[in-house]
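Structure in structure tokens, see below.
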Amino acid sequence: MFTKQIDENTYLKLLEPHHARQLFAVTDSSRKSLRTWLPWVDFIETPGQSEEFIHGAMKQYGENNGFQAGIWFKEDLAGVIGLHKIDWPNRSTSVGYWLGEAFTGRGLMTKACREVVDHCFIELELQRVEIRAASENRKSSAVPKRLGFEYEGCLRGSEKLYDNYVDHYVYGMLRPEWVNKG
Amino acid sequence: MFTKQIDENTYLKLLEPHHARQLFAVTDSSRKSLRTWLPWVDFIETPGQSEEFIHGAMKQYGENNGFQAGIWFKEDLAGVIGLHKIDWPNRSTSVGYWLGEAFTGRGLMTKACREVVDHCFIELELQRVEIRAASENRKSSAVPKRLGFEYEGCLRGSEKLYDNYVDHYVYGMLRPEWVNKG
Amino acid sequence: MFTKQIDENTYLKLLEPHHARQLFAVTDSSRKSLRTWLPWVDFIETPGQSEEFIHGAMKQYGENNGFQAGIWFKEDLAGVIGLHKIDWPNRSTSVGYWLGEAFTGRGLMTKACREVVDHCFIELELQRVEIRAASENRKSSAVPKRLGFEYEGCLRGSEKLYDNYVDHYVYGMLRPEWVNKG
Amino acid sequence: MFTKQIDENTYLKLLEPHHARQLFAVTDSSRKSLRTWLPWVDFIETPGQSEEFIHGAMKQYGENNGFQAGIWFKEDLAGVIGLHKIDWPNRSTSVGYWLGEAFTGRGLMTKACREVVDHCFIELELQRVEIRAASENRKSSAVPKRLGFEYEGCLRGSEKLYDNYVDHYVYGMLRPEWVNKG
Amino acid sequence: MFTKQIDENTYLKLLEPHHARQLFAVTDSSRKSLRTWLPWVDFIETPGQSEEFIHGAMKQYGENNGFQAGIWFKEDLAGVIGLHKIDWPNRSTSVGYWLGEAFTGRGLMTKACREVVDHCFIELELQRVEIRAASENRKSSAVPKRLGFEYEGCLRGSEKLYDNYVDHYVYGMLRPEWVNKG
Amino acid sequence: MFTKQIDENTYLKLLEPHHARQLFAVTDSSRKSLRTWLPWVDFIETPGQSEEFIHGAMKQYGENNGFQAGIWFKEDLAGVIGLHKIDWPNRSTSVGYWLGEAFTGRGLMTKACREVVDHCFIELELQRVEIRAASENRKSSAVPKRLGFEYEGCLRGSEKLYDNYVDHYVYGMLRPEWVNKG
């Protein structure tokens, strides 16, 4: 029921169990491309496992520790954007996202991410928002660059992707920077 | 961030901790009228207690057991509407609501309630939605009546209101009735 | 060990794990008639599942949220009576019960229920006791009628019974009524 | 509601929150004599603390880990008897008990304890029941002796009583012994 | 990483998950002799089950309720020694231990046990340490005897070993005795 | 009891509740210098609060999620070193540490940290160890530099220190680098 309209065709919605089939469908249809950068893809083999992810995401939200929202394009669930967790004492968080293959290349994620970052700084009054991307994942890095995040470093070997470890580029944005930019 | 637009001036938003001050303000300013029908009003003496209520509501949502949304009118938090819990095995729920004094008499609640009921039947695919009102609370009973709910009975002595027990009128709506009405 | 004697041949006992085989036996032997009104019958396929029910019932009692007692007739476990939960803030509860086929028609349940209701009003000092019966389950409705409960309404579509939804007749009794009747 | 009749004037009842005032009364009236052997007496200063003990005892029962029963003599709560915990893998438990000053010297505890031990061996089918008494507490040791328990040893310094450590006499009974005695 | 050196070749180490394979190996290689006195041996059929035991042991330590340490001899994990739990109100605990067949007869356990008992009295400032051994397990009883524990009694039928119940000899040591001995 | 010897005078020990007084003493005596870089110093006002920290640290260890060890120099508790948490799916962790004023300038921390990092790579078989230091905390940054960690970036505004946000320098070490160095 609860949505964040982004433009005429695009909106975000908190993921709920009744979205499980749609979520599984977009995961399953882009399985090959998604698994290049997402370690969990091989573990989602049924709609029930997508529903389990959603229950976990709702629990995360219920603990005031961030959210996972679906990105809808027209009538389709196109991907997911969310906060990995919220470090309240340091007022800091980290944004993660992915899109199904059929929905890339239209600027959807940059628009969605702008809204999420804005929510973090304006409504949640956080101080720092971080975006991490695998160093070779150019599409993913493009999002924080377009939004004016600063490149802060490369954390080597930070994530296990099936049999390899990949480096993470870290992009950071601080509250005063975002607000002044506005 | 996540809202349900109801009309140009009115929308619902899931309550989050950063709404605690606004929630306390509307509670505090209508304390006298609210306590006529709401047993918890006297226990909300500080914004911190409104925030505790919100944390409880987020946890309820996180357990997939219903939600509590603020009703915003223009820039003000006017009241609250939510589901007391969701009885998933029987696909049934119950709606509760209240408005600050300054926001009554404009049809806000009927509009908000229509959206919530619609969400229950269409998105959550529940079978039954119930609304209970204290038997002498005419304003509250007016909402399910306007929405076409059926009066189903009077459960005597169902709620303790400070030192008295009040009777509950029960109004019910079933999924096929709502869908056919549409 | 702990019992409530009802008459020479009949008594209630809190269900404990060592009753699991007897509980399964009475369930299994009346499977066909019980499933007409009880949604859980098809899920009890082994004595271990009856034991799981008993562990749940003990936990409910341990949380001061009502009990489930076996009804013994002579040496046999004849059925179950219990409180679905206790709504302490409103001092209200709801009684549920069932009997194995071989034990119906002797007034056992009316006697058992009278004791349970009496316990609710006199020892627990509750204000309201409710009994709900599916609208077409005449035997079940007969119990609150014989005990002087008032018919308060019909909550439509309240319970899912396998593939159907059934209506609930609600019968209510208030503490002053019960005490004055005495 | 649930009782175990012991003789015409005496019965056991699972302790429930509505017994808190009576439990506090018997504790408070025998405070001086009870604290000689019971380490918790000084921590019970209000009826609310007796109620907390009862909530803990109900939770213990709810986990199938033993019970705490009040001993009633005529209309008075005279004392408490219970199982400290149940060691299910080894099918073993330990009985504890105390009486208010006004109720000692009448054989109440021996009768109560016989019923509890019988329940352990016959209904719960335990293999071993143990009773421990501080070595200088002759009244307490008299109970297992009268019931035919065997003295098995003295565990030195086993219990802290305010500022001292006391030795425990251990008395044991095995299932075959009890059953054959019967 | 954290060890307690006992002599040139022998040391204790808190068991951690990366020890699971070694722990399973010593269990598996002495399966036949160990199951004479240890009821859990038949339940350890894979290294994963040894790892589960270690996770349980770490949780026990995390709750400040005792520890389980591996006994290393040169490069081999030879056995386990630990505290069953700590009764903090009474400042009392109980020590348990076992060795793989290949490591018995060299005095390893007496040395290991001396360190553990010393830790209980000196660092943890406990008042009583207890060692129990099945009455016919002479090797096990030899350890507390060599360390000067006092034989305090025989608790009959205290432990279920597969299909039998065995008696426990109890040996006790008090803090002042240990300290004065030193 | 369990220690990691570092050199003749220095060793690490898992923090346990009986260290609370020593831990409070070193915190309290260096309060002014410690609070420059440690956000929690002002919240430790009594030995009981140091003990609460230790209980939390033990729970962390019990969940296999890292440890907190005291650094002992001769007979004194000089400071603390530990792992903030362990990211097992990515086999990565982060080391944190502090020393009381009286113990700085002797190379204690570099030696302690070398052992901890070694444990992470050799025993826990982690892939990445990270050390973060506030950008202006030169003493803290000196430790990873001396141990050959690579500077990977500056995460701006990452930590709230009382009223300010400070930047974090991140230093990283990977398993193959550490092992080859050896």
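Letters A, B, C, D, E and F mark the chains in the order given here, with residues in each chain numbered from 1 onward.
The rule is short, and it goes like this: a residue touches a chain if its C-beta (ideal position, glycine included) is under 8 Å from a C-beta of that chain, and two chains touch if they have at least 3 such contacts.
In this text the structure is predicted, and so the values were computed from the model without any measurement.
Count how many hops through touching chains it takes, at the least, to reach subunit F starting from subunit A.
1
Answer with same or different: of all residue numbers used at the interface between subunit E and subunit F, are over half used by both copies?
Looking at both copies, the contact residues mostly coincide.
Tell me which chain's centre, taken as the mean of its C-alpha atoms, is farthest from subunit F.
Most remote chain from subunit F, centroid-wise, comes out as C.
If you take the mean of the Cα atoms for each chain, which one ends up farthest from subunit A?
Between subunit A and every other chain, the largest centroid distance is to D.
Taking the mean of the CA coordinates per chain, how far is subunit C from subunit D in Å?
32
Cα centroid separation between subunit D and subunit F, in whole Å?
Inter-chain centre distance comes to 50 Å.
Averaged over CA atoms, how far is the centre of subunit C from the centre of subunit F? Could you give it in whole Å?
Each chain reduced to its C-alpha mean, subunit C and subunit F end up 59 Å apart.
Looking at which chains touch, is this a line, ring, star, complete or other?
If you draw each chain as a dot and join those that touch, you get a single closed ring.
Starting from subunit B and stepping next to subunit C, give every chain of the ring in the order they occur.
B, C, D, E, F, A
Residues of subunit B touching subunit C in their complex?
The touching residues are 39, 89-92, 127-128, 130, 150, 152-160, 165, 170, 172, 174.
So in the complex, the part of subunit A that touches subunit B is made up of which residues?
Against subunit B, the touching part of subunit A is residues 1-4, 12-14, 16-18, 55, 58-64, 69, 115-116, 119, 123-125.
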